[in-house]
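Reading through the structure tokens given below for one structure.
To keep things simple, chains are lettered A, B, C, D, E, F, G and H as they appear, and every chain counts its residues starting from 1.
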Amino acid sequence: MIFEDMDRIVFAGDSVTDMGSPTPVSEGPWDNNLGDGYVRQVYALLGACYPEIRLRITNSGVSGNTSRDLLERFDRDVLSLNANWVSIMIGINDVWRFYDTPGMADIQVSEEEYGNNLTKMITDLKKQPQLKGIFVMSPVFMDINLEDIMRRKHESYRQVCEKVAKENDTIYIDVQSEINEYLKTRPATFIAPDRVHPNPVGNVLIARAFLDAAGFDYEHRCREING
Amino acid sequence: MIFEDMDRIVFAGDSVTDMGSPTPVSEGPWDNNLGDGYVRQVYALLGACYPEIRLRITNSGVSGNTSRDLLERFDRDVLSLNANWVSIMIGINDVWRFYDTPGMADIQVSEEEYGNNLTKMITDLKKQPQLKGIFVMSPVFMDINLEDIMRRKHESYRQVCEKVAKENDTIYIDVQSEINEYLKTRPATFIAPDRVHPNPVGNVLIARAFLDAAGFDYEHRCREING
Amino acid sequence: MIFEDMDRIVFAGDSVTDMGSPTPVSEGPWDNNLGDGYVRQVYALLGACYPEIRLRITNSGVSGNTSRDLLERFDRDVLSLNANWVSIMIGINDVWRFYDTPGMADIQVSEEEYGNNLTKMITDLKKQPQLKGIFVMSPVFMDINLEDIMRRKHESYRQVCEKVAKENDTIYIDVQSEINEYLKTRPATFIAPDRVHPNPVGNVLIARAFLDAAGFDYEHRCREING
Amino acid sequence: MIFEDMDRIVFAGDSVTDMGSPTPVSEGPWDNNLGDGYVRQVYALLGACYPEIRLRITNSGVSGNTSRDLLERFDRDVLSLNANWVSIMIGINDVWRFYDTPGMADIQVSEEEYGNNLTKMITDLKKQPQLKGIFVMSPVFMDINLEDIMRRKHESYRQVCEKVAKENDTIYIDVQSEINEYLKTRPATFIAPDRVHPNPVGNVLIARAFLDAAGFDYEHRCREING
Amino acid sequence: MIFEDMDRIVFAGDSVTDMGSPTPVSEGPWDNNLGDGYVRQVYALLGACYPEIRLRITNSGVSGNTSRDLLERFDRDVLSLNANWVSIMIGINDVWRFYDTPGMADIQVSEEEYGNNLTKMITDLKKQPQLKGIFVMSPVFMDINLEDIMRRKHESYRQVCEKVAKENDTIYIDVQSEINEYLKTRPATFIAPDRVHPNPVGNVLIARAFLDAAGFDYEHRCREING
Amino acid sequence: MIFEDMDRIVFAGDSVTDMGSPTPVSEGPWDNNLGDGYVRQVYALLGACYPEIRLRITNSGVSGNTSRDLLERFDRDVLSLNANWVSIMIGINDVWRFYDTPGMADIQVSEEEYGNNLTKMITDLKKQPQLKGIFVMSPVFMDINLEDIMRRKHESYRQVCEKVAKENDTIYIDVQSEINEYLKTRPATFIAPDRVHPNPVGNVLIARAFLDAAGFDYEHRCREING
Amino acid sequence: MIFEDMDRIVFAGDSVTDMGSPTPVSEGPWDNNLGDGYVRQVYALLGACYPEIRLRITNSGVSGNTSRDLLERFDRDVLSLNANWVSIMIGINDVWRFYDTPGMADIQVSEEEYGNNLTKMITDLKKQPQLKGIFVMSPVFMDINLEDIMRRKHESYRQVCEKVAKENDTIYIDVQSEINEYLKTRPATFIAPDRVHPNPVGNVLIARAFLDAAGFDYEHRCREING
Amino acid sequence: MIFEDMDRIVFAGDSVTDMGSPTPVSEGPWDNNLGDGYVRQVYALLGACYPEIRLRITNSGVSGNTSRDLLERFDRDVLSLNANWVSIMIGINDVWRFYDTPGMADIQVSEEEYGNNLTKMITDLKKQPQLKGIFVMSPVFMDINLEDIMRRKHESYRQVCEKVAKENDTIYIDVQSEINEYLKTRPATFIAPDRVHPNPVGNVLIARAFLDAAGFDYEHRCREING
């Protein structure tokens, strides 16, 4: 697996990352410090399967954040933590604001700005010597209907996300594709009633996509225990 | 307008009707007695535009109800109220349970049973001498994508609803069509974030569909005030 | 209709405007951000009937505000928002404080000061280039008995309000007259138990008075949908 | 004064009597057991001025009660208490329901029924051997404008109340007249914002009207202390 | 009566004055702004009996205050209010701290300091031109047993209070004597379970002592109404 | 010490015993199951000093109970528990009701009835074969002034308590004497602000009186640990 | 995998199973219906990895239950659900009560009774025709020190559990062994602060032990998605 | 006994000291100001047995504190209080963080730093002229199994604590030994379910260890009362 003993991993994002954790930054196994979403799921699966690797996992998600909001707090809430690994999952609100508050132009983020915001975060991260790698998770809108106006715009942003991630040599995780595959069998209502905020099943799907990219092996403990 | 002074109107349904009102049955302008949905909107528009017509409006919606659940409480919560008008809006949960809890066969309602449940309610209502009319509002799933698996099943049930309503000479209100038209301009996220529970805009859309069917005239007071 | 795509409308006022919204300024379709009064009603009716026009609607009402209080926060809570349309409904507390706290001279606002406060707000607004128009809604005391001491004083202030509004070429909305007409049919207890704070019916009455002045057409969508 | 050592006094009524006390019946100096209205005021003034007379004062008010509601619970909540004195203040809701819920005919109480209900209560009380006297307090609507439709109907009921009270030899207390006199100086907003539920000043006015009828002497303790 | 139209009266003190009102300073008939003690009782009796005299009554009591605490906040919470009348009731906590926290020397106030603190407050008040008079109410410990160690120390402080009040030509109100007389008939448990914090009966006793000193006439309205 | 391994001890009483424990009967070290008074103190001291003796300690106190109330629930809440030891501390409310609610004759318990109630409880307990002993703790009023009217009546009842306890061969614990001695050094305000409900210091005083009667040795563990 | 489409799985147990879910029985993906423990983890992993298999998962855990408590409610809360698979994890409280409440003999469950209770549950389940299999999960005390008195007694009970499970041909899951292995690397404080109630990591460990026994394949979806 | 009249004693520590008291510093017999742990127990036992000695006892415990955290706030929360006696009980969190959050290196405190932190606190205290003595209580992990990895590390830290305490001539209290002795008879579950936070029995054990070191005599009052 990609993570090493005493590595620190910071998850930056919006409400999908935050999921009720204390904002803006929190960590630790107590209370609901990691939130009730994929971050806690990642923490729990890693902790259960790799007891010999000590990791520090931090939730830096804030509900409602667009990429512009995240960029504004990036110094304080991400860079200053000196993480070894940073995972960024942002963008759904950049798109959403065009549709739930179409009259509020100044909180909508254009595709171009979205790309620039992402690029700026990655560039700043790369300057940090302790950094071992950056994950960029695609924002997810849990609908496979590309005729849906919001899903279509989302797909555009997702492509920007993928392009920026790949051009900057980060580890791009196409969560949307994973979800698209899943939605061929079960509809969104089974994993995220409002198509954005995942329930426990949706959280495992996102966590698994992340862990796959990190070389996680669910069977790992067997070797430890029998070895 | 179709309603006369001292008429009683009962709205039976699920959470879309209930919208936080005390369950199972409640009424009156106090507190949140009519809930925060289309029922209160109907009450407020009628009260504002037709002050000379005294109406009693009752919310008999219960969150989570399928047509089976509503039928089970129909005697106690609808028939016993001896209403002059009854409006029924039911069915979304009959469909939904196939998708959010696919493993729970015994709370899913088949298309056939749905039709029978609706028919039984209408038949029982028609035996009441004080009854002046029955409204049947189509259940609504706020998506226009007929390739969506849940939307497609919903459309089937809606057709059953329309068929039963028309064969039994009730006033059928095709709320789904109204919403479909609307969704050509704005996506569901603007009127119902989870595509089922309306926000204030969605509530007006449903209330307006109902009021249109009742011959409501928004300009009505002008004649009163100027006359 | 008077409003155009992407216009911003700010409603400034007291508790009749605020109605439980987060203070001092809030907006958006989430939670109770627009309050539970006429502002949300305006938002919902416009949103339902004119989906093609994107509007930003902001609640800048604060409970207990007199015109003096509103003037003090006008820069921060109204002017700084750079609205295209501002609606002001203020004055009932200017009058009320003479009657519920007759001994507190320094929170009572004289008729003269009331006029000056209103004039100052309008004058400042008119300097803003983006502004398209100002609505001045008369404060309302839901009583038709002009022998009532408080109603009589209120009538004086309302006349000041009308005079200032008209002399400054704003759109004056005589909500009091609308209510007076209504009260010929139903008493205040049906629309505002304490004759100041409206219930759902009262909110529609105020919203309708506002929308009438804005050229709102409740039937509007018909053309859209059928066209 | 009319009350003697170890007398029990029961106050029956609606929300004006109840004022937040535990329902349906409560007593004692603890917590808010007597409610926050005129009953506690009566208790406190009698306790302060007549320490030598031990009295048991019971609040049997229930919010929202009409005379019909009170009659239905009269056996359980009043007669069974075997009081020496009973005070009845009921009727405002009998009138109010015609105006806040004009469509709900079956919770409105006609003038005739109101008289009958009152008469029945008094007749039943008079059969009790321990009873020393009955107070009938007029229901109060804190408005002096007899052209107000609700105030006018209220006046009719008040006259029925007075007639029944006097024909049955009870102690009739014309609280409405006391309030009318007061309203010549200060408007209702100073004593009861919604013209029905009194604030602390309004509570003293009602308590004082009651105590006057009971021969209460505010200066009483002087003789005790100096004697 | 001593008070004139538009006079302002400020009540400074500890928890006996505060009685749950918002701290440090609050006023107005709304909510619990005057607290649930003698200040509200004074407000209500004056309002009911003297409607023609408009008064502003302010509660400046803070729970737990000693005379030292009150002196520290006297500028901000009393002098700055520019009252016409100030009533001070302080000292019970100066004594109490010797008995409930005997080890905390630095929050205990000596008799000498108590006298100085009181003198300083009165001296500062007297410099204000708008001031019409100062009431000094004795602190009260509701026990008549002078052999009780705390009651005995309290009596000493009360004498200091009386001496300071009289030497400075304030209106001294011997509330302790009033209570002592009362306790000859009923024990403390009837008016103040912990012998310090009054219940409704105790509040009337203190309010009455204050009102007597102000020339209050409970029968006053008779002349108004009949005159 | 008097208690043996696996003995069950039940504490019956009023609020001094209850102290916030779940009513009517509760036990166990979790939450606040033993209340926050002397019962928990007894449990904790026994548990700490005698780990080798397993005891079951049950709180059967109910706030506000007089001896009459306790007798009424004695079968259900005490006898049915088949305790080896029962401790009864009751009577303060029998006396108190004469003073805080002097007008409520039917909840006051006469000295004679008090004696009879106590006797009945003891007699019933003595019929139980598993019973090893009964403790009767005197009710306590934390005042040494026998001229205080309530303290004097209390002393009478305490003597009845002592007489009944001794005539029936129970273990009488004169808690009042312990408190009286203590009050020579510190006033009641240090151990029980309202002279009835103890604070932590007061709780230790009562617990210690009980434990002394049971032969408790605070030093006990020394022998265990060193032995 | 062992589970088939439309199977129902019921998890019976104590607080480790319940983990805050509504008691006694609850299910569904809403709110916290499955609790915050291993049951939700099992639901989420199965849902994410096997979308094509619809399962009904029910939490029938109740905090504090011993095997005796579970047996008493087994008819109502387990058998009546007609599950295809039942998993039982019970016994930690049978042991615990000897140590946290050593004096309460009647809520402690002997080793012999524990075995009988388990046997009875299994025997009753086996009579049900729809049943496909029974899982028996060993109770877990998260300590590897067999010299710990409670851990030692627990080990005895665990052996009884294993023996009963195996003699009755159920699927025995030795969760304790899994935990023991884990504790070689990380101490209990990392997975269950009080050694009984798991945190998120502990929940995954238990869920994984269960899923292993059911032939769960974490990589499963790969074949689905790529196939 | 070691304490003298008017001495002030400050207890500094972590959650074992804090136990729900207001943070960071609080005192007084009101509410839960001393927390619900050993500090309140010490206060209550001293108050009950030594009424003639007035003491000021302050809780300066803060949940989660390591020795580093305590040192950081030592000036503000301990030194500035100018106590006569200071008791320090710190260190369990220094150890714990290695095991519940093994990945968070920067909140773990090494053995060396722990010793230095303790030394610094003691050195600073010794400079204060009013100081009469310092108690150092060993941190406690309620387990006797030295093979437990966390217990073993804890034992190392405890030895550092003892060494520093003794080299600096403070009064060292070996609470761990007291607990170890106790655990020979009852397991940790009886006194501290998670082996760190004591229940009422555990609190008495810690309080008793402290009081023993202070020369406390539980029988003390006898001489006072009889003398």
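Methods note: contacts are C-beta pairs under 8 Å (C-beta built on N, C-alpha and C of every residue); 3 or more make two chains touch, one makes a residue touch a chain.
Just so it is clear, the model here is predicted, and its values are computed rather than measured.
J.: Considering C-D alongside A-C, which chain pair is linked by more C-beta pairs in contact?
T.: C-D
J.: Express in whole angstrom the distance between the two chain centres, defined as the mean CA positions of chain A and chain F.
T.: Computed value for the inter-centroid distance: 61 Å.
J.: Indicate the whole-number Å distance between the mean C-alpha point of chain D and the mean C-alpha point of chain F.
T.: Comparing mean C-alpha positions, chain F is 44 Å from chain D.
J.: Would you mind listing the residues of chain G that make contact with two or more other chains?
T.: In chain G, the residues touching two or more other chains are 29, 100, 102, 186, 190.
J.: Go through the chains and record each pair that touches.
T.: A-B, A-C, A-G, A-H, B-C, B-D, B-G, C-D, C-E, D-E, D-F, E-F, E-H, F-G, F-H, G-H
J.: Over in the complex, which chain C residues touch chain B? Could you list them?
T.: Chain C reaches chain B through residues 29, 34, 40-41, 43-45, 47-49, 51-52, 178, 181-182, 185-186, 190-191, 199-201, 203-205, 208, 218-219, 221, 224-225.
J.: In the complex formed with chain F, which residues of chain D make contact?
T.: Counting only chain D, the residues touching chain F are 6-8, 27-29, 54-57.
J.: Under the stated contact criterion, what part of chain B meets chain A in this complex?
T.: Counting only chain B, the residues touching chain A are 96, 99-100, 102, 143, 145, 147-150, 186-187, 189-190, 193-195.
J.: Which chain A residues qualify as touching chain C in the complex?
T.: Residue list for chain A touching chain C: 100-105.
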